[in-house]
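Here you go, one structure.
Chains: A, B, C, D, E and F, in written order; residue numbering restarts at 1 for each.
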Amino acid sequence: MNAVEPLSLLSSAAPVAIPAYTASGHEVFLFEMAWERRLPLLLKGPTGSGKTRFVAHMAARLGLPLFTVACHDDLSAADLTGRHLLKGGETVWVDGPLTRAVREGGLCYLDEIVEARKDVAVVLHPLTDDRRILPLERTGELLSAPASFMVIVSYNPGYQNLLKSLKPSTRQRFVSITFDFLPRDREISVVARESGLDEAAVAPLVDVARRLRTLKGQDIEEGVSTRLIVYAASLIAAGVAPHDAVTAAIIEPLTDDPEVKVGLAEITRAVLG
Amino acid sequence: MNAVEPLSLLSSAAPVAIPAYTASGHEVFLFEMAWERRLPLLLKGPTGSGKTRFVAHMAARLGLPLFTVACHDDLSAADLTGRHLLKGGETVWVDGPLTRAVREGGLCYLDEIVEARKDVAVVLHPLTDDRRILPLERTGELLSAPASFMVIVSYNPGYQNLLKSLKPSTRQRFVSITFDFLPRDREISVVARESGLDEAAVAPLVDVARRLRTLKGQDIEEGVSTRLIVYAASLIAAGVAPHDAVTAAIIEPLTDDPEVKVGLAEITRAVLG
Amino acid sequence: MNAVEPLSLLSSAAPVAIPAYTASGHEVFLFEMAWERRLPLLLKGPTGSGKTRFVAHMAARLGLPLFTVACHDDLSAADLTGRHLLKGGETVWVDGPLTRAVREGGLCYLDEIVEARKDVAVVLHPLTDDRRILPLERTGELLSAPASFMVIVSYNPGYQNLLKSLKPSTRQRFVSITFDFLPRDREISVVARESGLDEAAVAPLVDVARRLRTLKGQDIEEGVSTRLIVYAASLIAAGVAPHDAVTAAIIEPLTDDPEVKVGLAEITRAVLG
Amino acid sequence: MNAVEPLSLLSSAAPVAIPAYTASGHEVFLFEMAWERRLPLLLKGPTGSGKTRFVAHMAARLGLPLFTVACHDDLSAADLTGRHLLKGGETVWVDGPLTRAVREGGLCYLDEIVEARKDVAVVLHPLTDDRRILPLERTGELLSAPASFMVIVSYNPGYQNLLKSLKPSTRQRFVSITFDFLPRDREISVVARESGLDEAAVAPLVDVARRLRTLKGQDIEEGVSTRLIVYAASLIAAGVAPHDAVTAAIIEPLTDDPEVKVGLAEITRAVLG
Amino acid sequence: MNAVEPLSLLSSAAPVAIPAYTASGHEVFLFEMAWERRLPLLLKGPTGSGKTRFVAHMAARLGLPLFTVACHDDLSAADLTGRHLLKGGETVWVDGPLTRAVREGGLCYLDEIVEARKDVAVVLHPLTDDRRILPLERTGELLSAPASFMVIVSYNPGYQNLLKSLKPSTRQRFVSITFDFLPRDREISVVARESGLDEAAVAPLVDVARRLRTLKGQDIEEGVSTRLIVYAASLIAAGVAPHDAVTAAIIEPLTDDPEVKVGLAEITRAVLG
Amino acid sequence: MNAVEPLSLLSSAAPVAIPAYTASGHEVFLFEMAWERRLPLLLKGPTGSGKTRFVAHMAARLGLPLFTVACHDDLSAADLTGRHLLKGGETVWVDGPLTRAVREGGLCYLDEIVEARKDVAVVLHPLTDDRRILPLERTGELLSAPASFMVIVSYNPGYQNLLKSLKPSTRQRFVSITFDFLPRDREISVVARESGLDEAAVAPLVDVARRLRTLKGQDIEEGVSTRLIVYAASLIAAGVAPHDAVTAAIIEPLTDDPEVKVGLAEITRAVLG
């Protein structure tokens, strides 16, 4: 049991190695331009296309603290800005990750923002126009964001629906970049580096994944992420048979439907031999 | 961690430069007349048509403190009027932005009021008829608004639906002004001033935006805001190629639909050359 | 920041000028008869037909304190009866407006009662039959209403629907009066008195409003309130051109529909000349 | 502002005059038999058919304290059994009306029980079978009801629907009596006694009400209660013209529909002359 | 007002007379076998078929404390396991009935478990497989159930629907017994014993109930419980006429429908003579 | 009543006997490979196919503490990560089971994760990619998972629907294994070992279960779990007749439908003889 120690750091402000990142387009250049001009950024793309890794990479490259928030149904504005807690009979205020990013001049990354409650989008409004302010109604403060502060949000366009989407009044505050999977050669080298399996053994796994991605929207809800290929390669490197590894790390995570599984297994056999 | 300091100021009461504002009609005159006659004001208009900037401009021009509240699904009357907090074992009352505007005789601006909970509209009723009072049930106070106090609300008529609209008993308490985008020449000079790009380079961007605005309600949900044109111009001024800048700052923020993106890109090429 | 001072007065018990009120029927006589016989009163009528002003007028005329509550979706019985608050480590009880009206023998007016939560209607039941009592479960008190206590509720029949209506077991506890707009001559003199514009200039504004009221249920949701005519007249008195004043103070508050606006503007031109 | 004084009495245990009650059947005998055999009682009947008055009458006749609870959407089991409150830094328990009725051996009357939350019905179960116990999970007590304790519940069968009805496992715990309006002669004498108007003048009012009751389910939702006839008679006794009194006290409380009002007024004229 | 005394007993651990119970099958033997083998038990059957009485009988027969919980819509896991309360400035933990049954090695009976919130079923899972443990996340305890601890749950299959049913992962943890009404002769002797009316007078009442039970699912929602027959017999023993007793104690509790009441009354007359 | 002692252990870190587990495939090898490579694991399979037992077996085999959470509708992220409690006037933080598993380097098993609230899946995201971190917003800590920490989740694919399913962004973070019932011979020996009944008597019970499993999706919602066969065998070993044991332990837990029960009883008689 720990007493509240709100000053310990959630951010990665301490010097860290820059996470490896393999660019698929000019996204690094666009990010830097947006950051220089103080423009908020929206990243769009499917699961596992590297959005989160990209943001971590850019934060380290720019030498800025990064505050990441994974959004969900119950995430509210107060989770971003902060709350009052009781301490020693006094009400004390504890900053949330957005407030800390403003105070420290870092990056605040809201992953899958369309999942969050609507007031989360609204709290970003005064920070994402020319005012660049964060009013904290509960403490009576009005914070001005320093030049190095930047808001980045992301979502997967494949999930959006009428209930869960960004309103135009929010969307039109962000410069946007669309992400997609890496090209074949670069994906092979990324998987080989992360799994420890050699590229020759990785290549057919990437080919299986690329075949299965063409089924998106038909038999499977979402394309195979690079992460799942890394999983399969890791299991093979650990001694699991290739077919068992693909079943456990790629096919089973994609679907529960017995007939679809059979179809995916046939495609796998055709590619892996 | 900060102790509660509720007396620090959220308003812009301190002397500030008057924010630049380019009028599109006689809205400045109407605002002043409404303020003189103590009539509440409703601003209607699309995203990025300058409502928020206009209110900031008028507050500075009249030398009045401005309290801005961005409304959302969870915003309730208590967020406007105030709350009790525990401090040193005592329950203390902390004014909300509406109460502060009443006490200090400033402007209270509720942005996108149709998003707020229904009790927010109701708390405005006694302040927006001849009574001009704010009863605070929780503290037992009955505040009379000074002559300089004014309520301004806004919403985007394009979003309204059956669930989210102002009731006639609320609407009929406000003098109303409808906003639209600036005329071509004035929009070009605003974008040039804010982005640092020269007017000759800005003009085709404004033309692209004006073409895309004609698609509202068909392929895109909302017209291109002036802000997005500023974004695109800023990226170009920072060295991004014009087509990339328009893609990142105008097309991607407008839609996630791949086919619509292709259509918008074709229009852009036709205009930009 | 203020410490809780629950004894300050919300009511208008202090001597005040009797608010001007222009009767449209025998409502003053009926109110006095109901008050003498201790019968609860229900006022029905459209927005801006003078219900709230009428109640304020009658309270001043009878010399009784008036406690007005604007009802909304989140208003609960506890908001009317009272709550416990923490003070100096003790739980103290703070009366709500209904309880105060019972203790002081005044009028309690619940405006738009159909908007409130269902428990609000129920808390009125023992006060609106021959028992005339208010049980406070939370404090263990059983208050008997003095002879001068009276409950008045109101709503707009035009808004009612299946979800928001008074149950017969509640409705059948009230003597009821239906309100409508003032006759032409009396409305002209009221608008002239409140706006400072002379009656000759007010008359065409009232004629416009009367024409538009005939469209209720077709193009517009609710008829033009007298308040909006006062707004338009006030703007004209302040120097705004009559067509601009009618647009800002009457047409825009009535509708967001561009085609309907055009229609209303044509009617206005036909009447104003 | 009052400190919590939970020992003050909500019940009418102090000696009171027995409220006048005019029986319409053998309900007094059945109530006494049920009370003697410790059987719970369910009263069914329309608004204003005298259920609440009957219970008050029986409580006074049996010399027992009566705890009446008007049920509503937000009424929960804790509102009946009790709650913990903070007092002087200690958590203290305050009995609810059901617990007090059990401890004091009185009557507990739950009016319109189908409106309450479902846990209210469940808390009655162990009190309404042979166990006759009230477990208070929050205090760890297990109360046995004394012989004089009795549960009475009521509802209006005309309101019930799928969402709001008693489950058979609850219903089958109660002996039941159905109430209806009084016969013509007895209703005339009750109205005359309560309004002060002589019987000859009351008779046509009762005849109007009886005619209108035949319209229930067609034009009006619920039949005219005896209370409304008393209201109309009271207004007439106070000097209001009979047609105005019937309009204000009977027709307006029944409906908001203009056409239905015209129809009811015609019927009234036909009967009153 | 009582301070919290959480150590007083809710259970019937003190020596009590064994409640009378008339077995309808081999349920006593099955209960004992399940208890010996530490198997959880599910009782299914209609209202008033004796499930609650049976459990009380078995608890007394086995000499074990019994903790009964009547489940409802708002019953959550914390109501079963326990809560923290403030006492003397400290947070103290108060066991719920399930936790107490585990600590004391008694029976925990959850009546109508399908009514409870879903987390109630889940909290039973580790207690109803070979682990027989109760983790208390809030206190950090991990309780092992002693050999004498047993979980019994019940529900009425006639009420189940898609929203309110036990998931197979919960159902498949219980040995199950289905209850039905007693055979005619045994039901007559039970009613006679409990009402004090002689068997000859009880017999036609039981015959009426058996006739009415055949209408279940057609005109009435649920069959007549034995309890209602006892009510009718009790009223007759107290001097009420048989037809009036059947109306008040059997027909009115079954239905509110006037036509169905007429039909049931005809059946009653045909049987009673 | 116990004061809060949050340091007592919920986990099975103390040396325990390794729970018996009969493997049906290569799941033990896959689990160990996933654990070595720090890959999260998803177990899919029907009720009673041994998922929970398998996890307990692996935890003991690897000598790691196991934190099991049975998920349900109201389980939120805070239930996993921890909460603040009041203690001695101070707010203290108490770790939840996920946080404890991270701090101690153990296994955290979320059973039926699709039942939990959506924020539960999100809190797992940073723990199930290469970051392997757990940010505790409420305490300001950022925990890095030690090498021995592992997340295991499970669900039953038969229950999934549109509202309750894992999003691809969550699913694609897990290596997955599908469970099914044991082969006949191994199931017979498991049931014999756990019930004490000899294998010859167990065999027909397993045959009945295997016949009934073929009806899944037609007459019964879920196949017979091995646990239910153990229940039936236990009752027979205790002296219950085989048909009665199968009725109470297998048929009644499967269905409430009288016709389906008759069908299952016929199948049972055909197999048992």
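Operating definition for what follows: a contact is a pair of C-beta atoms (placed from the backbone, for glycine too) under 8 Å apart; a residue touches a chain by one contact, two chains touch by 3 or more.
Keep in mind that this is a model prediction, so the values were computed, not measured.
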{"item": "Neighbouring chains common to chain B and chain C, by label", "value": "none"}
{"item": "Required steps from chain C to chain F (each step between touching chains, minimum)", "value": "3"}
{"item": "For chain B placed onto chain E, the superposition rotation in degrees, Cα atoms, nearest 5", "value": "180"}
{"item": "Centre-of-Cα separation between chain F and chain B, whole angstrom", "value": "52"}
{"item": "Centroid spacing, where centroids are CA-atom means, of chain D and chain E in whole angstrom", "value": "30"}
{"item": "Geometric centre distance via CA averages, chain D-chain A, whole Å", "value": "60"}
{"item": "Chain D: positions in contact with at least two other chains", "value": "6-7, 86, 89, 94"}
{"item": "Chain contact topology (line, ring, star, complete or other)", "value": "ring"}
{"item": "Residue ranges of chain C in contact with chain D within the complex", "value": "6-7, 26, 29-30, 33-34, 36-37, 39, 42, 44, 76-77, 84, 86, 89-95, 117-119, 121-123, 125-126, 129-130, 135, 137-142, 157, 160, 167-169, 171-178"}
{"item": "Contact set on chain D toward chain C in their complex", "value": "1-10, 47-48, 52-53, 68, 70-75, 79, 85-89, 94, 96-97, 111-112, 115, 156, 159, 194, 221-222, 224-225, 227-228, 231, 234-235, 237-240, 244, 248-249, 252-254, 256"}
